[in-house]
Amino acid sequence: MIPVSYYLFISSLLFSISLAGIFLNRKNILIMLMSLELMFLSINFNFIIFGNYLNDIAGQIFVFFILTVIAAESAIGLAIIIVLYRVRNSINVDDIGGLKG
Amino acid sequence: MSLGISALIILLSPLVGALVLIFYKDKSEIKSSVIANISIFISFIFSLMLFIIFLFNSSTTYNYSNLVWFESNNLIFTFGLLVDSLSVIMSFIVTFISMFVHIYSIGYMKNDKSFNRFLIYTNFFTFSMLVIIFSNNFLQLFIGWELVGLSSYLLIGFWYKKPTAIYANMKAFLVNRVGDIGLLLGVILIFINISSLDYMRFFDSLPDLSNTSISLGSLSFDLLPIIALLLFTGAAAKSAQIPLHFWLPDSMEGPTPISALIHAATMVTAGIFMVARLSPLYDLSAYVLDIILFIGVLTAFLMGLVALVQTDIKRIIAYSTISQLGYMTVSLGASYYSFAIFHLLTHAFFKALLFLCAGSIILKCHHEQSIEKMGGLREVMPYTYYTYLVGALSLVGFPMFSGFFSKDLIIDLFKFHGDYLTYTILISGIFVTTIYTFKIFFKVFFGPNKLKIKKTDQIEHSDVIIIPLLGLAVPSIVIGFALFDSALFNDFFKSSITDSGRLETIYNDFVRSSLSFTLHSFLTFNFLALVSGLILSYILYYKNYQIPKNVTQKLESIIIYVKREYGFTHLSDVFFPRIFNNLSNMLWKKTDVAFLDNFIVNGIANRIRIFSSSLRLIQTGYIYHYAFTMIIGLLILLLFFYNF
Amino acid sequence: MSYLFYFLPEIFILSVLSFVIVLDLFLKESKKNISYYILQISLIIVFLYLFSLLFQKNISNYELYDISNFTNLFKIFTVLLSIIIFYYSYSYLQRFKIYKSEYFIILIFGLLGMMIMVSANHLLILYLGIELLSLSLYTIIAYNRTSVRSSEAAVKYYILGAMSSGFLLFGISLLYGITGSLLYDEISSVIESMNFNNQDFSTHSIGLIFSLIFILISIAFKFGAAPFHMWIPDVYEGSLTPTTLMISTLPKVAIFVILIKLTSSIFASLEIYWSEMILILAVISVLIGNIIAISQTNIKRMLAYSTIANVGFILLGIYTGPENGYEAALFYTITYTLFTAAVFGLISEINIGDSSLEKIDDLGGLNQKFPLMAVMILIVMLSMIGIPPMLGFYAKFYVIQSLVLSGSTVLAIFAVIMTVIGSFYYLRVIKVIYFDDENTSISPSLYHLISYVFVLTLFLLGIFPNLLSTIISFAIGNL
Amino acid sequence: MNQISFPLISFLIWLPILGGVILLFVREGYTQLIKLISYSFSILVLLLSFYLLVIFDTSSSDLQFQEKHTWISSLNIYYHLAVDGFSVVFILLTTVISLLIVLFSFTEERSQNNKFISLFLILEGLILGVFSAFDSILFYIFFEAMLIPLFLIIGIWGGSNRVYATIKFFIYTLVGSVLMLVSLIYLSIESKSFFIHDFYSLKLDLETQIYLFLAFLFAFGIKIPMWPVHTWLPDAHVQAPSSGSVILAAVLLKVGGYGMIRFLLPITPEAGIFLNTVIVPLSLIAIVYISFVALAQTDMKKLIAYSSVAHMGFVTLGIFLTFNILVPANNTNTEMILIGLQGSIMQMISHGLISAGLFMCIGIIYSRTHSRSIETQSGVGQVMPIFSALMMFFLLSNSGLPGTSGFVGEFMVLISSIEVNGLYAVLASTSLVLAAAYSLWLGKRVLFGEVSTDTIKGMSNLRYDEFWCLFILMLLVILFGIQPNLILDISHASSNNMISIILNRI
């Protein structure tokens, strides 16, 4: 069977891509949200792999919890973004620099 | 009545007087002067008594000390009294003159709005002078030393509105302080070597000390000469010897009675007194005596010359004082301390007399002090005229006058010892002295009455001014003769000064008796110099013969040079102040403010502030930068620990 | 079912919450503050209950949920603090007419999250607790809908926070993969059994170190240690003052507890690694915090940077290791929290005109007008510098002593020098209050008796620090 | 030995603080009440300290009237108060000066006078704490806490540039003291206790000693202040209100000297010898260099401030020379060194009194003319004769006139310095001239001469309270000048003990 390290490599790759997505992105906040989702997916991937590899159920269970939490989290995130849009009519990342120094 | 008690009374009575003057409500002139004079009079009476006692039995000494200043383990600092022939005669001089000066000041300081303050100062001065005289240890000596300095400071600056006065008194104090450094260091050196400051302990341990040496850095010296030298710097400053003399002429800014009391008769002789007091030390400290002698000769002659070119009556007498002090120093240097004390005695009287005369003249001339402007006062003020004459003759050492006995003794000393260089210099000193003394005499009392001072039908001054003149004129004539055989050569100082042996020899081989000394003196160069000086000044200042022009032209530059005290004036009034000023300003502005404070202290603070305001820029406010920094941090940690 | 009553606090809070949420729907606008009172009272009840738990003997520990006296004490402290916070927030919201019951409901959710995360003995529970806390924080920061800065701060915190929980999860997943368990004790025993040292470069060790780093980073982020501190100034400045008060106090304590729990249980055998990492973070935090704070003009932002510096100090304490470092760090944390609470409370009670206090210079001449208020701020600021006899001094003292004890005297000197530099900006506040000309538009709210009592208590604690220190050592003893 | 039933020293410390706190709550208006409270408390404290002096056993050098209670058990820090010879001397100085300051503070018009005086009372209590704390952390706590009241006093009631001055003062002192804190902690770890006397018996290697020495030197050198780190003093003095300058110069500087005697001498003597060639020159620089700097001043307060630094140079000289008894090479006479040590104490006391007098004098001038310039003002003597006499007296004693206490200390220190090295003595003795120069220059410019400005012509005469403040100080200066034993006896046993401790270290 495929050694676990391959999977790990994939998941770390996803993770890094998501990180890159967060700090390379200069345009829209939503893209950041997406990359966050990607990050969590990579983590889930990890958990599933390990769970399978250790044939232990805890990993899979953990994934469910993560999924639900992420759902809530992104809901809140979107809400915040809406609030932001209300007060400043843009969700452009470059416009969010009022607080600095 | 025990010596100690009476000495204590002599010492404290002026102090009590001063305190009463301070705290007594009624500050009226009458009351104040009564208080002051009584207090001085008491101590005069007692010191006169002591003096007489000692005349008959000079060997008794009384050394008493138990008032503890402070103690540390077994080291104890005490105050005490030492009553012996030396201190007695000094206290006699001081109180005598102080008394007459007090009386004189009643008239002289009349209607001065701080009359009371004046008397407080003079009383305080008398007290502190007596502290020196009666002290039996170095500490007390030093304390009195500083206190007389203080009172002279206060009295020179008595008229504190006069800028010249407050300049002069500061100068005087500082110069004396310079001397005091030497004195203090010497005292401490003595202390750390014998663990005590008592004169007697010191004299006893002198033999042991004579072969100890101290090391300063790498080089090492014999102890005693160093101590002697250090102490002498103190003496030189007080007694206005070159190069520390230049405060004395300026000190004439003070009221004239003060010039008489402090800057002629008493305080300035403290140095002479101290060296005489420490005669055992100076006997043992070889080359120091030569230095002292040298300085003395220099002062005696050069300052006489300066006196010659002065025009201010008080300054002339001041310079003459310095040169007379030079004579005393000379005899100290020749280790004939008793002669110095003897000259001190006579000089005190006639110089005080001269100053008081000057005072009365100045008073008459409405505080005009330049002798060039005066003239023809002979009829106007006969008392002053005669008393001045007495003082002058005594000063120049006219035979049978008291000055003669003391001064010619000192001069003949060198003939006796065959030191002819010094001898000639001193004799030319006499010549000079005579010229300037009679220059005043002729210019002031003869010639046209330039100031148009009327001869009033009543007496020239009130009695309080006349009496001291007469009171001082008498001893100026007689005291030298009176004490010559009976005291000086009668082992009066045997118990207090170590030169009695030498006195014996010089008396037997040279002086023999006062009369023979006098008669013999008419055939000496001293007298010749005196007479020639007299004639010269008669020609110059009475007949006013003009010396040929070209000679004066030639002399002009020299005169200027001499007027400037050979450059000392420049040194003291321009050079040192400037140096100090620049140095201190430089240290303050450059080092302290610019470097230490602004560069280091505030510099660091500012750098931190700048650094902070530049560091805050990393907080850009953009999410992706924040995320980026987080990831950088992550990577750093990962890399840092990956290759563990 | 007997053991249930150890969870009673959490359960109780939860039930009250659900009740209030429902109730709030049926309350009139004017009556809405009733729900605040209900919550406040329930908090007090919880406090008393927890207090009673302290005196329970034979506390059996549960494998999933830790109810030791240590966590218990922590809960007591948090609840107590949240009562104060509630008071301040309520008065503030009332004053500015922006009261909503949700505010408090969310706060309670955060509290619940903290209680759960500190009691967690299982990584999943830990994660859930942390998330509960973070979610409520996101929302509460964004509470002030009309303000640009508040929503901006929320966005920033949201993105970065999610990222950090991603790190946490990644770390946990690695840990899970290597050790095959999620329970603290099991994991630590497994790592123990691996007993590897620096020379060992097996995949395991690398994976472990990676997971350690990831978890540590996410904790550092929540803690606000540089270089993961970027969110702190913005969030502090952006959100309402009571919110800042909450964010700057409670989560810090919770995270601190998590940190020492993890380092003392899971990563106990990896001390060589984590102490190094913590040291790096600590030094950077102290430097950055103290230095940048000097050039701040907004008081909340200034305090944010001072928070970073203090966090650095706490980490320095932890760095010196369990035997005496934890005690020092805990003492420092508690002191820091109390005084931050006090200062933000005081700030929240000062109005400039009809807005809340922002600029430091707006405090000008407070002394002339409200001397008592000025003295309070003076005490707090001096304590933050660490001038005896204030409590802050003993905190710094503890940390420095533990540093010297552990032989790193250089660090101690570094710390004290940084303290001096730090005193610059605290002094500026005092200077403005006492030495500057009066700013006429200052007007504290009327009722600040509580803050007087609060600060006075802190001051007395400084005079008699024995009380606090004994509690601390008791707590550490029960860790 | 010598125990008493009630905690005398605690009373000494906490009474003034209590008084200060009470004053905080008195309304500004009630001047009489304020006067009543402040007088009663400060007089009470003064009497207590006299009582302390009376029952203090000067023959013994060990701690007396000990009070030791557990304070912070987990750190084993104790609330440990006691006194020995050194403490008593400084306690007396503090109480006397504080009373005079309270007296003097009412002569000046100012806002919030009650707070002003309450801060002074609190400060007094804290200073007394410093002088009587024997647990090093307790000492440190008092030492630091002293900053707060003075910081506020200068900052609130100070001159135009007060903020800069006070913050500089605060930071400066903080820098020094935090380093001391670290070394105290180190010592406590070595000796397993914070009791100062336990530090004395520690055997430390030279390197450690040097570090500790430098830390302590920095802390106390800034406080006293020594040469390179003195720059806070002029600013602080110039900006502080008169009473502030008085307490700063008269008492606070002495804390530095006290600390040196307590910590530097017994704990790190070897380091002292090792660094002797550095620290003694520092003191000499302070004496000579700073005297020159003082000559250049145009602001009265600055001048006196610099002269304080110069005088403190004598104190540090006397203390540092004490290390030389450990050098067998130059077989120094311990007795002489002892005199030097005692001398530095004497010097501190006398400087306390004299500088207090001078700053009060300057305050009196300033309160009338609102200027401290030396250049533009002159002729005060004609307007206020009595005042000028007093000020002249203080100036002269500042220049070390025999018969005043100013002379004794310098004399004693010179003894020990000449014992160690003649060169030191020669350099130090220049202060005889320099001190006289700047003191008399000040007198000449300000008191003498013609009246320069109308404000001076209009100066109101000396008030009674002002007069009494100065007069009492003058009496004390003269008294200690004539009978220094009164001071030296108290600290004598302790100094002896200190010497023997140092000798036992090796």
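Letters A, B, C and D mark the chains as written, and numbering starts fresh at 1 in each.
Basically, contacts are C-beta pairs under 8 Å (C-beta built on N, C-alpha and C of every residue); 3 or more make two chains touch, one makes a residue touch a chain.
Being a predicted model, the structure only gives us computed values, none of them experimental.
Q: If you check the contacts of subunit B and subunit D, which chains show up for both?
A: Common contact partners of subunit B and subunit D, which must touch each of the two, are C.
Q: Which pair wins on C-beta contacts, A-C or C-D?
A: A-C
Q: Which one chain sits nearest the middle, judging by mean Cα positions?
A: Most central by this criterion: D.
Q: Report the inter-chain centroid distance for subunit A and subunit C in whole angstrom, where each centroid is the mean of the CA atoms.
A: The mean C-alpha positions of subunit A and subunit C differ by 26 Å.
Q: Compute the distance, rounded to whole Å, between the mean C-alpha positions of subunit C and subunit D.
A: 44
Q: Averaging over Cα atoms per chain, report the distance between subunit A and subunit B in Å.
A: The separation of the two C-alpha centroids amounts to 99 Å.
Q: Determine the centre-to-centre distance between subunit B and subunit C, using the mean Cα coordinates as centres, and give it in whole Å.
A: 80
Q: Do you know which subunit B residues sit against two or more other chains?
A: 605, 616, 619, 621, 623, 625, 627
Q: So which stretches of subunit A touch two or more other chains?
A: Touching at least two other chains: 19, 22, 32, 96, 98-101.
Q: What are the residue numbers in subunit D that touch two or more other chains?
A: In subunit D, residues 171 touch at least two other chains, as defined above.
Q: State which pairs of chains touch, listing all of them.
A: A-B, A-C, B-C, B-D, C-D
Q: Report the residues of subunit C in contact with subunit A in the complex, numbered from low to high.
A: Answer in residue numbers: 124, 127-128, 131, 135, 138-139, 142, 145-149, 151-156, 158-159, 162-163, 166, 169-170, 172-174, 176-177, 180-182, 203, 233-234, 237-238, 296, 301.
Q: Can you tell me which positions in subunit C touch subunit B when the two form their complex?
A: Of all residues in subunit C, those touching subunit B are 155-156, 159-160, 163-164, 167, 198, 206, 209-210, 213-214, 216-217, 221, 227-228, 230-231, 233-234, 273, 276-277, 280, 288, 291-296, 421, 424.
Q: Hey, which residues of subunit B end up touching subunit C in the complex?
A: Against subunit C, subunit B makes touches at 605, 608-609, 611-613, 615-616, 619, 621, 623, 625-627, 629-630, 632-634, 637-638, 640-642, 644.
Q: What residues of subunit A sit close enough to touch subunit C in their complex?
A: 4-5, 8, 15, 18-19, 22, 29, 32, 36, 39-40, 42-43, 46-47, 49-50, 53-54, 56, 58-59, 61-62, 65-66, 69, 72-73, 76-77, 79-81, 83-84, 86-88, 96, 98-101
Q: Name, in rising order, each residue of subunit A that touches subunit B in their complex.
A: 19, 22-26, 32, 93-94, 96-101
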